[in-house]
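Chain naming follows the written order as A, B, C, D, E, F, G and H, and within any one chain the residues start at number 1.
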């Protein structure tokens, strides 16, 4: 939209007094409204999902726990729950997806998989092809090398690196690929620098230019940014 | 390079015992070797610049201060110094540049300009068209609106948002554009949350998906990431 | 009281050895004694409530959890419990309230509602008219605009802004209203800057003059300050 | 302005490419545009001041240091510099001021005076009567008592408490006055909790309801908020 | 002991491989060995208590929780459990105590009582007369005044001030008494500065000379230090 | 003073508008008014010293730097400046001092001497006999042993331990003496835990009961607390 | 391996998509692959253990909790579980071990025993003789002295010091032994500096050269480093 | 020394009242007394050096700045100053050195060289052969590979890794060598995680077992620990 005043006039969908769903968010921002379950009552999540489903036909819910999943079971829709990743997908009906681009998702350790899976599922749901490889941290750098080859072979557009103890995986990967890398620190690790702090710092301090970062455990955010890049590339390809 | 072992065999340019310049970095990583002057002696920066100039024909030096600029004056080259941004550009001779993509650079306040200029100059030097607008922070949100129009009109590929006191400018901008946004917090601001901490946190906590972040004051890093996105888009366009 | 020595001579109500209730606090400070349940045994809260009820005829209890509510059930009084907000109101009998002023309460997200409700109920209980609007954060700034109109239409005296992830809502609101704004960060949000830190910093760093802040999750404190402003305005109106 | 879109259409005054002065800020926000000198070049401050002076006829510059004062000497205007407070006032001509309300400004120690003076001068400049008392910290609580009397006698509308080592002065004052108190921590004090951290925390943790806080050393912010309260009171008085 | 080598030769009581009880600690350090239950298994605490009881005839256990109390029930001794304070006292038989000095213990709020009680019980157990007053924080400073009188009337030797939200109570008390004050911050309070941080900082930043501090929640440590002062005074009195 | 209201009625000595000297502080708090030079202008320190000298006949100034010393040179008095400790003593005339007690002052390293000297001079000036031993840190524990003997031989009343890198000296000393120990961390040391943080934490975490602590670099505070203990002992001795 | 490319070509053992076990890690790094159970599902730990057992014949699992132990019970192997230390050892069959060197393991307090035991078991399992002594902290320094004698008598190669409240035990031990000391801070201790922070800082700030440190609670890491030193010594001995 | 009491009886060399030099430290701890210049007056450093030189015949001074070097020029000795590393070596006469072992010293960037050189010079001075390689950080991992070969070829006993921005170099190196690695974070790097914090955390969080760490910028400490390992190896070799 060229006139920003248009953005400021778009309507919201009132869900009782608890929320104002931004149903036209995709037009303005390129990314559909998504429900973050963490910190919300099961009842609120249920209501938000129901309204969004009715209005848009598909819903992505992130950071859901067992209580949220249980409430969502009650909704009549095509449902796809990934409990490890904390993601619920609801659709009125199955539908085809166009592939806009290719995203590689690398996780340093086994404990980083839930966040990596969050990124993978969201990226796929938004319309990217995802190539995932897990447990390839810098303590055994040989495990990452075959995947560098894969990045070139598959003509990957952007790489998401998920790591909780050694954020340096982002640096090492970036030093061998010529596409943007998005780092996702995870809240894995204990002691000094635990909870994702060390990984976040390492990624921000990286000497490999071309890395940008999202917040700790924000797999969704990384996927959203990767998707926007793919979409932009795709748009230009078509044009 | 498909075979990662190739990356691991590339040669360095030894500069005495002080450095091993990665002259073929661009092939592996998509971004040429750049010299970070901060924390280095003027003499070391001079030597690094000289070797890189001889080898590659052009040099970008960031975070330079007056002492560095003085030392660099002694080098025989086409020189372009931007003291506010702390950037020195050295070239054997002037040359044409191809435009790979378009980057908008928005700065929240007057004090954020040095970092924004660092991003602008690097982006332009790497081959992007830069559209810059400064002093458009959220305390007067009307100032940003004309620039949202500009993003659409100029078909901008990626927006860099530079802000030191209120990182929320990244959120607000992202809520009105459908391209990726890269946030650069700056070390402006005093008291609790000063030195860039508040801005970095705001950008990482943002509820607007599609924002990724570089470290405080890292204008160069944002430009490098933006450039890689543009390059990827450009490559697909040609293809 | 003009003579401060008078303040220093006011009597307390001893509740066993556990507390000295400041029953005349309202005369000195403009705000009645209120019971903060968090960190206190259910038994202690019960005793404090009982003594205060007998002495003053009405009691406000904040940050109560289920255990506290259960204990308070045993008190013979007109009771009004809001479990989402963690507030219990006890009165010997229902009574009329005079409206001293108008307070708008804006919450950025659905997860911020408990703290916003704490502020709303306390403000109303102290004698203000409250105008509440929730889920209007800066990631979709168009949602806040109708409420700016409301502030003018309703001749609001002070605005309370409650936000946990993006404290910038306070800045954005303040940039469009000419009355004082009180910011309340909430302990919503995870990762770096989570738990309310980012929101508190953003509000303190704000470039919109006219914002003051209370501590994270302190909805009661914001309501108390807003009430004092309204009371002062009201007093002058009458005078 | 009832229609928020009006706020979003107001014009800025371009000062080269370095700033967009919000000359109609007062209409939207109740407070005129003010120049924060810290972090800006003397030349930039000079240019901003000149433009604002021409456009509005009066300018407030805060956090100025000797270099800024020197540059401002060159401007042709009625000048009033307070070097201890770091404030420069420029006016095309002297003019009358209406008194909108009364603000008491209390500072805990001698080292807190610069910030207290910043608050005092700004409050007076915006149109409040200021009553100042310095060196009255809680380590000698008897020193504050006569000023509590003063608050009542002068019918003060709001009290600003400035303190760097013991923020508790805000609590103690608030426990004896029935008007709002605004706390300003200062970056005085060394060791653990130094630099204003302890004072900021104390004020936010205070058990005296009715206190709100601005950031460390932000005397201007406290004065602006106090002024808005006075203005609101004054408006109602007239009405 | 004049010869420090003597200190270094004293024997320990081995409790399996889990501990080396310093049964002669009192001779060297003036304070008997005490068992900190927190962080230890119930079984370990039981064994430590049993060995110490057999060897010394009396045992003080601090920071005990319900699991510890249950295990200690099994020991055959004169038992005195204070669950609020988390203290268990075990003795082979009741015995007389000499009063070495007088300690006043002031707590700011109701939530600070557990730590204050820990200090009171330990001080009494070691041989001091304790004068306790709770809920006398600086938000209602008149509540503390009668207790200042008490300090003088009872000829108190040292005052312990326990406070979690406003550590300034230590400053205010110290400004009116001429004996040493020991501050004990407590882990009460939420938000910024919560968990005792604000109180600890306030006490360390205090402008009232004569205050020293122990760690957050360390009621035992304050009592031990107060006891040593009383003992020293008592020794001189006799001499 | 038994009646606290008396404390609250004591008069101050106004020094212009910059300070209210608490000339009768000694009666209320046991410690005379002392001037902290850090953070104050030389002119202000000069004026405060002059007023206090005229009123009380003797002045202690702490944390003075060269600029303060120069200003104080201009005062006509018996002067004693210790530049390493940053202390200036001014007296109308030399006078006898009574010895109230004995304080040992131990410093861990050579870099801790300035703070230790601050403590020593203040303790002596207030009326204690000081026994000082420097460079006796735990990295060479044999160096401290002869001084443990000294504590017993000289019948020391309280030990002040000054340490910047290893605060454990306080624990080790306390484990061999039966009098109270006051810890003073110093801002010596670099890297993680530097600036006194590690030493402050170590002293607060100490497992040797009987240690209390003052803030980083606060040699004056430690001396003041030690003096109050000695005074209390001395009073009882006489009585 | 002299050619680092060899390191980069070693194969991994794929465990579903959850892990890539580095079965030849010992050849490259000197230490076998070990499973960190914390942060992993019981099912994942079970699968990793099973694969590693089949491939290597023995498995070390650290930081296991009851849920992990239960899952591991199902594996058919010689099992040795130490629940206090959180360690599970699995072997196809019992086998002889060669002793490569001698490691002393000292723990400051009873609460530090779990981490010390983790270090002891891992060191023994890797092939060292372990000499353990617990509850010998600096608050009773005489308890450590007999163990200094032991270090010399047993010709210990390296000492591991485990401490949670007073990290200074590492300094004190190092000041009396002439072999390397490895410090392991533990997450014991509460209040300021709790959770291992104070101990980690103390060990890093230590003035006793020859101390190196691992992260908080990382008993395994200390044992691994100690083992490498012993192995190096042993290798040279044989040669 | 088998009897620890012997350690506790060793004599010190008194240097005025400023220091007690531990001249027999080498016997007890394996490492000679070294002078840390930082934080000490030039005069004190001069005196300490003079006394130590007279007593031991050789002196190592670390963290010296220009003022210290100037003072040391006045001492009559064989002098060797390395200004980049901040090290001064003084000897009565040149003497042969035995080589006890081999230490590799790797630095990630050019800015890390001063700390790496501190480690190198100290290691050589104590009696190790040093193999140094600088500017080999993980952003260009191919630069480190030839040095892994070197470690094997030269039969290196221990590797010191010095890194300020990306501490992961320690992990990557450790994953390819089978000897102990000592990490030294440096105070290089700006923004979040700057000043060495990120590097320290990365090294402590490393998933490569066998890494231990010293404090930020502590090149001396790393060299001392490496030397003790070499000495132990050497001793066994001889035996």
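Keep this in mind: a residue touches a chain if its C-beta (ideal position, glycine included) is under 8 Å from a C-beta of that chain, and two chains touch if they have at least 3 such contacts.
Everything quoted here is computed from the prediction, not taken from an experiment.
**Student:** Strictly by the touch rule at the top, which chains does subunit D share as contacts with subunit H?
**Tutor:** Under the touch definition, subunit D and subunit H have A, B, E, F as mutual neighbours.
**Student:** Rounded to the nearest 5 degrees, what is the angle of the rotation that puts subunit F onto subunit G, matching CA atoms?
**Tutor:** Value: 180 degrees, nearest 5.
**Student:** Where the centres are mean C-alpha positions, what is the separation of subunit B from subunit F, in Å?
**Tutor:** 52
**Student:** How many angstrom lie between the centres of subunit A and subunit G, each centre taken as the mean Cα position?
**Tutor:** So the centroids are 37 Å from each other.
**Student:** Once you find the CA centre of subunit G and the CA centre of subunit H, what distance in Å lies between them?
**Tutor:** Roughly 25 Å separates the two chain centres.
**Student:** Any idea how many Å lie between the Cα centroids of subunit A and subunit F?
**Tutor:** About 58 Å, centre to centre.
**Student:** Pull out every residue in subunit D that's touching 2 or more other chains.
**Tutor:** 5, 7-8, 140-141, 145, 174-176, 191-193, 197, 200, 204-205, 208, 215, 218
**Student:** Touching pairs of chains, all of them, please.
**Tutor:** A-B, A-C, A-D, A-G, A-H, B-C, B-D, B-G, B-H, C-D, C-E, C-F, D-E, D-F, E-F, E-G, E-H, F-G, F-H, G-H
**Student:** Which subunit H residues qualify as touching subunit G in the complex?
**Tutor:** So the residues of subunit H in touch with subunit G come to 1-5, 7, 27-31, 34, 144-146, 148-149, 152-153, 157-158, 174-180, 182, 204-205, 208-215, 218, 220-222, 224-225, 228-229, 231-234, 236-237, 239.
**Student:** Spell out the part of subunit H that touches subunit E in their complex, as residue ranges.
**Tutor:** 5, 8
**Student:** Mind listing the subunit E positions that touch subunit D in their complex?
**Tutor:** Listed in rising order, the residues of subunit E that touch subunit D are 108-109, 137-141, 165-168, 171-172, 174-176, 189, 191-194, 197-202, 204-208.
**Student:** Within their complex, state which residues of subunit A touch subunit G.
**Tutor:** 110-111, 113, 132, 134-136, 139-143, 145, 188, 190-193
**Student:** Which of the residues in subunit E come into contact with subunit G in the complex?
**Tutor:** Touch residues, subunit E against subunit G: 7-10, 12, 17-20, 22, 25, 38-40, 44, 48, 185, 187, 196-197, 200, 215-218.
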